[in-house]
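Consider the two complexes below, in which chain A is the common component and chain B and chain C are the respective partners.
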Partner chain A sequence: MPEPTPPAPTLAVEDLAVEYRVGQSGFLASRQTFRAVEGVTFAIARGETLGLVGESGSGKSTVGRAILRRAPLAAGRVLLEGEDISHARGRQLQRLRARMQLVLQDPYASLNPRMSVADIVAEPLIVHRRVASKAQARARVAELLHLVGLPEDAHTRYPHAFSGGQRQRIGIARALALEPPLIVADEPVSALDVSVRAQVINLMQDLQEKLGLSYLCIAHDLAIVRHISHRIAILYAGRVVEIAGRDAIYDAPKHPYTEALLAAVPVTDPAVQRGRARAVPRGELPDLTRPPPGCRYAPRCPRASDLCHARQPPLEAKAPGHLAACWHPG
Partner chain B sequence: MSAPLLAIDHLEVVFDTRGGAVEAVRGVSLAVARGETLGLVGESGCGKSVTAQAVMGLIDPPGRILAGDIRWEGRSLTRDPKGWARLRGSEIAMVFQDPMTSLNPLMSVGDQIVETLRYHKRLGRSAARRRAAELFGQVGIGAPERRLDQLPHEFSGGMRQRVMIAMALACEPKLLIADEPTTALDVTVQAQIVDLLNELQAELGLAIILITHDLGVAAGLCRDVAVMYAGRIVEMGPIDTLFAAPAHPYSQGLLRSTPTLTASERRLVAIPGAPPRLIGPPTGCAFLARCPIGDEACRRLPPLAPTGAGGRAACFKAGRDAWADAREAAAN
Partner chain C sequence: MARGAHFFDELVRDKAAMLGLIGIVTVVAVAIFAPLIAPYDPAAQDVLARLKPPAWAARGSVEHLLGTDHLGRDVLSRLIYGSRITLMIASAVALFAGALGVTIGLVSGYLGGRADSLLMRLVDIQVSFPGILLILLIVSVVGPGVTTLVVVLAITNWMIYARVVRAIVLQSRQSAYVEAAEVVGCGPVRVIWRHILPNLVAPLLTLAILEFTNIVLAEAAVSFLGLGVQPPATSWGLDVASGRDYVFIAWWLVTFPGLCIVFTVLSINLFAGWLRVTGDPQERDKRFARGVARRRPGTRAARAARAAEGAKP
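Coming up: the complex of A and B.
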């Protein structure tokens, strides 16, 4: 009997690279480019959350934008539910956009202050012609606001009347309007207070359970994605250096950069926090216009050897389901 | 007993806006002794920065100090504006979240420090330059001589924050107020800055007020902590005991909603709702609307009373586990 083909993952990214031009654009601007991300490969199953973590400038948002086809691919493929969307254009791209939505960090900046909440949430429904009448739009908006836990009377009000956490709920309601299978959440709670972050994280988890959503959840530290992620990918200087199940990342990290990120997370136990031997590396991200020839982390790495400075380590399995790019894994 | 370095007494600050008077600070009292490290924590808008601005004498219209006093080594500053101006930048220095707002983008960082040193310390040009290089070394900036000649944008975020700290230290202040100094930085860089502040504190015997919304950052640096909510201090005390056994439902909630690397609960526990508006805020306990154990009695203002563990809390039910039910729900 032939094996049933497993369903395609919601998202598959294969060997993705994105190039940017260096410096200002303009007539006399230099034509030099650099690869902000390179060789990025991962998949996200239906109902799964992949956390994408790395320090600022590591290329997280670039990966997110490339997936949504809002940044040019220099190499590689992006597959949405098995369909290669790397070269989608025009109408096809328009249709695709309905199936992948972005939730941004700053709920203040990403909502039009002059639109009522109802209009904000209804906009994608109208643009993508998903509703036939005003009454239908109104009913769907009410349903969505209820889904994200906003009060009934929210629809007539304007964004400024809401707190940061509630504005993020409005952003999520709009992202859900077209029932996309995939949501890219780029630092969705970074701008929120801790007490409110948990509200939004819990909401995202509830919605995932209810709707079978897949998330790519971008964050710059490991504490915040822990509760929401099933698997976690660590990005350093544009390359994935480690990817594994959540518990493996926190309990048995293989890459020294992951160890450093873990050691740097501030915890609320003063005795622990004071006594912590910090595996925190000095130094900073390398200049990507002239990346180091070997491992990009080698210049900061306490374990770096001659090999590390000479040759880039491949991202390979160090344990089942646990990939790391390191010549001297932990 | 000698007077503390800094004492804030019943400070009230309002901002007169078109929408009404924003009661940003509503009766804050605290004291900082020489060499002490105090964390001022709480979510955004609770009045941390305004408290710091008041200490620096930087409340400008539409803001005004409505009541209370600020004393430096026992002397009232609110009644001595000239003396206040002299302290600012010399005995009391401040570091902000975004160094770019306090640096001149067109002037080398060395010249900026040299200028400060010449003005406050009356040093000659070459002595000031030597001192600037020494300060750079002290805050962990490599190749100080070369880097002094660079412009602010040639430094990364973390290095820029080191420049700001070097500048703040130039006049050998007794008190450093750091307002979210690491908030804009990556966690690895943040940890480096906290380490640096720790070293400097031990080396120089500096008093530090660290303003942060991140309880973990406070835990790494501070010996004492004050938790603010809606313009008031709701709990204060030694950080070890307060973080181990918070007495106020708000402190309990804040600590529990801070994500950890180890908790096994599947769900984070959030504090429902949002802080009250500070235009016409509630006259009783401001946390009542979000508190799981609040009741009618809490419509009166609870005093900041001793908790027994060396701290004080403003809650009629201080010490009760306010979130026991929520925790049970989260475990399932």
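Coming up: the complex of A and C.
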């Protein structure tokens, strides 16, 4: 018997870069470009959740869109179950859509108000010709609605009849319809009431266990990311600054930006909270049309040295399975 | 089939919409069966009986229910026959101008970029070019006639559709549910058909109805200049235009064709309002809920409805 090769990760991203054009292209002025995301590398195993964390404008949504091939790749490769999809186009890309799905942030905007729940959930099945008849589609939709915990009679109703949490369940049912190995969840609960966030997150975890899904969970809420993720990648100004297992990130952060992020999460005990040192980073994200030559966090970093301003630190292992891009790791 | 019956049920409940539908059906039926209904040939002149007032006025006679015009032609017969050309031209123009405008607006809004700027400059040029001049130009080359009139009016009236459609397409392209549909794997045709076009129904209905009146009047203006509907054929617009000279001595010449236009547009409007609500699931649920509340005794809505009915004699 041949030696079985180790299974390819559900998703592998290698040296990903996304470039956007800014401003008008005139007759005289040449078009300016900036790299929203650069040198992003990570992998997600089957059944694993990678949390992607960063502040607004750090490029975390862009990474998600680039993986789904909705943002233009300037460099790098995206491999879905070992297959290079970076150059898929047209029909091929459309077929690929069946294998990676998106759960959007705002469940009030992401469901077409003029379509019934059954039509919304059945749409992927119809587009990818997975159902032969209406009866078959109905059966599959009923199954999916049951899976995400919606009432039996939901299918004839329209999105406006549902609460935010229920709508997000509809969105999840739609994403699950084709049984994709990968789901990109772009801030899946940040538009929901705090009281229903846990329900949706728990549902996502249950489904992961049941169906062996892999998630790329984009978020800015560290508490939720900690709850759902197996590993976490921290993004700053379009670059991954640290990537490690969940507990390693929370308990022993290596990068000063990660430290600052964690310090910003309030502690539930007021006495402890008052006593904590607040490491609020000064300044803002660097201008990515003219990125600084060194570490992108250097202008805000309390540990920055001349080396930091001069040379970009590589993302390398500081501990087993714990990568950070910092000249002076903590 | 059950779906159709369901819609009809809803329509019967909505009195205004039902009236609108009856109005539309009446006008269309009159146009179709004009030769059977009209008491006279609309072009037959009777100089001895010119400028007769309607039957109920002094000097009026039952021979001419709505009176006669300056050439002694029966106003009622002219209205009945006029409905044919008026409806035909107005709906044909609304259809052609709408189709052209919607197509260009869709392409422009969906593709964006260079195609968008090119098409929108085309719209700008067409808008800034005086419509009546273009009409005069084309008609004097091709020669007057109903077909020419439809084409010419369509060419000078499509721009507003293009602009409205483009704006809505741009807006709905940005919406999260269009992104969701694209991620699911819908092709452009399905995205446009299932996710973008339904948003256009309500504004386009409103616009087409506003334009309908405009077209009726534009047709009247062109006909008045002698470039549109050619006598002995007639249209409501032409009747209004030619009755203008007699407005102080024969008020019925402008009043009745004018009322016909109002009646038609109002009917379409009432029905379109219902159609718009029916196309929007949320509005439809609200209407349904109001209906249920009204029929259930003891609720505030039912009391309000009863009070409103009681107030009327």
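General remarks:
In this text, the second predicted complex is superposed on the first by the 319 of 330 C-alpha atoms of A that agree within 3 Å, B and C clash if a C-alpha of one lies under 4 Å from a C-alpha of the other, contacts with A are read in each partner's own complex, and residues count from 1 in each chain.
As a convention for this text, contacts are C-beta pairs under 8 Å (C-beta built on N, C-alpha and C of every residue); 3 or more make two chains touch, one makes a residue touch a chain.
This is a predicted model, so every value here is computed, not measured.
With both complexes brought onto chain A, simultaneous placement of chain B and chain C is permitted, the two fitting side by side without a clash. Contacts of A:Thr33 after superposition: neither chain B nor chain C is touched. Of the two partner chains, chain B is the only one that A:Ile224 touches; chain C does not reach it. By the touch criterion defined above, A:Asp269 reaches chain B but does not reach chain C. Applying the stated contact rule after C-alpha superposition, one finds that A:Thr156 touches neither chain B nor chain C. When both complexes are overlaid on chain A, the residue A:Gly165 reaches chain B alone and has no touch with chain C.
Of the two partners chain B and chain C, it is B that touches the larger number of chain A residues. Of the two partner chains, chain B is the only one that A:Val194 touches; chain C does not reach it.
In the superposition on chain A, no contact is made by A:Thr289 with either chain B or chain C. Think of it this way: put the two complexes on top of each other by chain A, and the tightest Cα contact between chain B and chain C is 8 Å.
Residue overlap on chain A between the chain B contacts of one complex and the chain C contacts of the other is empty. The residues of chain B lying in touch with chain A in their complex are 43-44, 156, 158, 186-192, 194-195, 213-217, 219-220, 222, 239-240, 243, 253-255, 257-262, 266-272, 274. The touching residues of chain A, when paired with chain B in their complex, are 55-56, 163-166, 193-199, 201-202, 205, 220-224, 226-227, 250, 260-274, 276, 278, 280-282, 284. Residues 175-177, 179-187, 190, 194-195, 198-199, 279-282, 285 of chain C touch chain A in their complex. On the side of chain A, the complex with chain C involves touching residues 68, 70, 94-95, 97-98, 101-102, 104-106, 109-116, 123-124, 127-128, 158, 160-161, 171, 174.
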